[in-house]
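In what comes next, chain A is part of two complexes: it sits with chain B in the first one and with chain C in the second one.
On to the complex of A and B.
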């Protein structure tokens, strides 16, 4: 490819007529109104948390807590964003996290220590992603069906490995990464991994041909094929990438919970898709941002945190969560259409 | 066409080989050896002397967590103890339709007695009725059918009693503390049993005017949710005296969160009776001081009752000629003082 594919937003949105109102509006529009409205929602939540529980909410420990709790699903969401942008879907992420986390915490794996656990978690994730990718790209299966099948079998295999038991991790070097005062470069290790994955994801999407190809495949697969993109191989790589993210997330979850269980990653697929959609990723593909998805994750984790601090019960939490999803999407629509 | 398969190059071959090699290595890593038999009180419900041969059909849900797994193990090992009992056990299923099918197969096989732990009590009532009408007595295990017509005998745990006993234990421990604060980490709020446990807990705490429940959050019976919700609770409550956690599985996560927050200024009571909780109570070097049982040994007792039904006997030690129609098990509190007695019943 000699010409870069046109940036994501302009491929689906109306092309704004040039030289319109004040310059600052143009700057804002370029920074993506959706992202800005998400920041607005997050800021509003922080105000709510700060007013209702000033001492507990506005606390560095609480900031660490929110970021740490969000890191596992955050890493999954970065991978999911790529897949959705390419017009696909990965329903198997939660099951892959579960399988990777139990495979990496069996008695046999733990004998290999830190490296064994990390290696197994990542490899199981990539392996499942490879199967998904091959089935979808070369087997001609619809992503919804192929990953649904993976969801079922990965959960089944996870159950077979554990027999329903909780596998407690006894490797100190793994557990230490999840302790209260574990910091790498002044940042809790899980948060650091989340940040690094986010930055790498952003770079891949915005600064590499791989990212542009992903957008192109999602925008119009046939046009992408005619433009010389190997669409099938691109799809394979995308599901591999999602699997890799699940493997990393599984390792983070092992650190966080100090164990592996076949119930891990319950409904991650829905959480990750919801976060990506709130973040402005188009379910039909062709548009989306990593920053938006990560903000989506942070909004969800912050909501959970505020609710827990205020001792609201699950029924209220669920109702409010649904309402906030609708509100966030509507606000985005509004702001996007008025600019 | 630029579409070439990615595995034809030398690089592809290298990665392919590496992947296969890694796969072979990985497959060696799935083993979790365990061969312990579950233990229970060895006193049988009916007389131990061999009698008429009885075939017992057993249908339960998919053993997707430690407690259900222990239910299956208890039933199997109890049946093995009796030379006159043959156990027909079905593949566990959480799908209502599948479980109905399995039970109908057992009815068609004309087993003498059925032991049924339904995936969903209400949804399986009809098949319970069907078995009873076919002349096969049903022992309904734990999750209760809609109508007593669908079973001859119900045996199960006491969710309300679990909360009650946890509340009383905590109440006694904090008797001398003024303005004591208690928090509750509940199980899945969608389930009625969670409401019953909470109700029992609240009712018990009413006996102790010096104690106030200051916070409650519901987890999902999983380690992951236990860690997440406990971490939030600890952030919300900088100072409290006791915690009741409904379930020892999610307790693994809760204990992890407590350790991560560096907190040890309160006492914790668990629920269900997992081996890991028993071990922590015995070691007595953390916050976990006790757990209230929801004993999986009820499956062994269900086999006893089914055998007694098949042989038309009563329960030894009771005056009646027939077994009772309903048995609610006591939710014992296990702490340092009686831990050794219960240790063998702990499930993984």
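On to the complex of A and C.
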């Protein structure tokens, strides 16, 4: 960390450049208002859950269920966050999850066992992302349109493959991971995958050239181009990344449900976009955090859980979600204008 | 002159945006029935001033009086109610609506308060179009189907559909043919005869001579001259006001031996051979050696920025090539240019260069990220150290590269862009209006930085609309007029008057200038007779 160029200044004057505060204080200092307020909302929800249904909600099994349910959409949201940060949008995530989950559970694929299912799910996801990326980056299509087209055709293809039937998974090693008491390193497998994807996503966004380029393209595409960044290639990679996340999510869904269905991933696009927006990702690009998006996902799944425990129907849940989106954006506006 | 108060009187108007003071105490008086011309280079503050007048910007300071009474223009609607209409350069028409719908947008004639009376709207639109000399435009047609000139007429009809006392026209002739310009001027004459005041923005001096009554010249956010007589003020004086310095600047010393008369000091690092872009600039040849600053001087529309951006690969040339160290660059590829060692500090810093939400460090490192990365993994310590070294070398303030770039002043934002290329180790720096939006006081320092970079061996190609800046900073100067290099000489053999003459010279036959119609025709009409219709394309 020593810095050779600087002339001898009065040793440690005002610039706290190389001073290294304890890691925890650093994290707290850098956690901005937005992240803290999201944590506050989540804490408030947990309190509400604990008060209304103290026994059921705070039960370990239930909390585990919340996290497990959040994992599938969570992985999709990480990919979505990258795309939105670059100024794009991916409406096809739900449809890609559906297509990947049915393609990976056909009788033919299941002959190849665990690896066949995983490999197919990921490959289908990446393939769809490749098509999206090529159309947008090199075909000059608007992301909204290109991914809308992918939404329609991937769903159609999924229906064609299954003919509307549920494809049951018969591979034990896959089914075992979905058991209620399946643990890897003491963590439910789905939650573990979600955690790993989140950490990798955070690292890519904050510590790699890929992340920097994503932010640059989203913040000011023209400036990025004139700075020598290959904007089109970056856009291609971003949709590939989103497709990859969808493939992983499809595999998680197969584990969770023990099957593949063409109705899987319904409206995931809306949930993922909403979670990213709540988490502070700017829809116009250039700003956003993985932590915020993941907190957005957790807030949504916790609400769903609390409402279900209190026997409130999904219509009420939807209304509450809508209100939260509006509230989150209004609060962010206010904090953005004061900083 | 007139005993009654002026129609409009703006005084001490000040408006700042983050990093730059766009208007600094501007005064403007407009009398009823006059054509008041507003002159100034890009970025002088003209558009900010008319936006204040249109109610689109709120001034930080200053007062506006309307017919002698102070007013506040809180919104465009408030300005419109007073009778102030603005025709912006980028026409604000809705392409998918009809002419009549556009003209009456926001104040449709209605029955019972909400039912639009389409026929009445069409009839009144037709009457307006007739008054404007374009009865052939069908009020029922979609605006998107009309020519640029016709759209302008629609925009004007919209302005006149209100009760107007003052019309602001922002470069209305830019998209027009000569006959259409004549029609425009006839309309302006009719309006003023009715007592309507016109604020006319243009940088074509012939037009201002023809229809203007008085001229106010803006420069660097100040009115450097107010209410000059439009017809009798010498052209040179007006242009000198636009392009000259109102403050004396200290330009850094040139090195005693300028970098190489032809053979010495080594081969040019940048060579441009016959580079041209259809409709923008004619074939250009130029070379820049290490340590040399070459300046391109010219007015708005002379093709300055276009040449720079084409060299940089941001625009694709029609013909010609760019060589760095004797190797031809792939045309139209910014990445090839950057890899070869070119760096551009573009004219619109915020829109074209900076990531405004990001820190100085990230703005500086964006073009050299891979140097701090192993396998895509950024070593942030090394990145920060390098950014700090580069920004310190340019004395960027504050001396803390972690602050967001948007909090910096204009001059320091420019230094952040320069630091980007310094860090990249670029060898040819292309500077497009390097002091645009930079506070007057901070410019001398920027000049010193540019000269020092050249002394350290960088080749610099400088574009500026400010003649003294080019003359003071460059070693060699190319004078551009309407897309053509009209003169090349060492800077010390030129003076401001000589350059201004070259920059303003009308058609190659000098007498053509005073014939208003032909010189207003714009670049294409001017050039084609001279070189037999657009230089041969090969």
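Assume the second predicted complex is superposed on the first by the 300 of 339 C-alpha atoms of A that agree within 3 Å, B and C clash if a C-alpha of one lies under 4 Å from a C-alpha of the other, contacts with A are read in each partner's own complex, and residues count from 1 in each chain.
Everything below uses one rule, namely that a residue touches a chain if its C-beta (ideal position, glycine included) is under 8 Å from a C-beta of that chain, and two chains touch if they have at least 3 such contacts.
The structure displayed is predicted, hence computed values, not measured ones.
Of the two partner chains placed by the overlay, only chain B lies in contact with A:309; chain C stays clear of it.
In the superposition on chain A, A:228 makes contact with both chain B and chain C. In the superposition on chain A, A:254 makes contact with neither chain B nor chain C. When the two structures are aligned on the shared chain, A:163 is found in touch with chain B, with no touch to chain C.
By the touch criterion defined above, A:278 reaches neither chain B nor chain C. Of the two partner chains, neither chain B nor chain C is touched by A:171.
A count of residues in chain A touched by chain B and by chain C gives the higher number to B. Of the two partner chains placed by superposition, only chain C is touched by A:219; chain B is not.
Judged by the touch definition given at the top, the superposed model places A:210 against chain C, while chain B stays out of reach. In the superposed model, A:91 lies in contact with neither chain B nor chain C. Comparing the two complexes, residues 228-230 of chain A contact chain B in one case and chain C in the other. By the touch criterion given at the top, residues 53, 56, 59, 61-62, 65, 69, 103-104, 106-109, 112, 116, 120, 123-124, 127, 130, 138, 159, 161-168, 178-180, 228-233, 236, 253, 256-259, 261-266, 304-305, 308-311, 313-315 of chain A touch chain B in their complex. Taken in their complex, chain B has these residues touching chain A: 2-6, 19, 22-23, 26, 28-34, 62-66, 68-69, 189, 214-218, 220-229, 231-233, 235-236, 238, 249, 252-253, 256, 259-262, 274, 276, 348. Interface residues of chain A facing chain C in the complex, by the touch rule stated above, are 1, 3-6, 15, 17, 207-210, 212-213, 215-216, 219-220, 222-230, 286-287. Interface residues of chain C facing chain A in the complex, by the touch rule stated above, are 312, 314, 334-335, 337-339, 344, 346, 351-358, 362, 365-367, 369-370, 373, 376-378, 380-381, 384-385, 388-389, 392-393, 399-400, 420.
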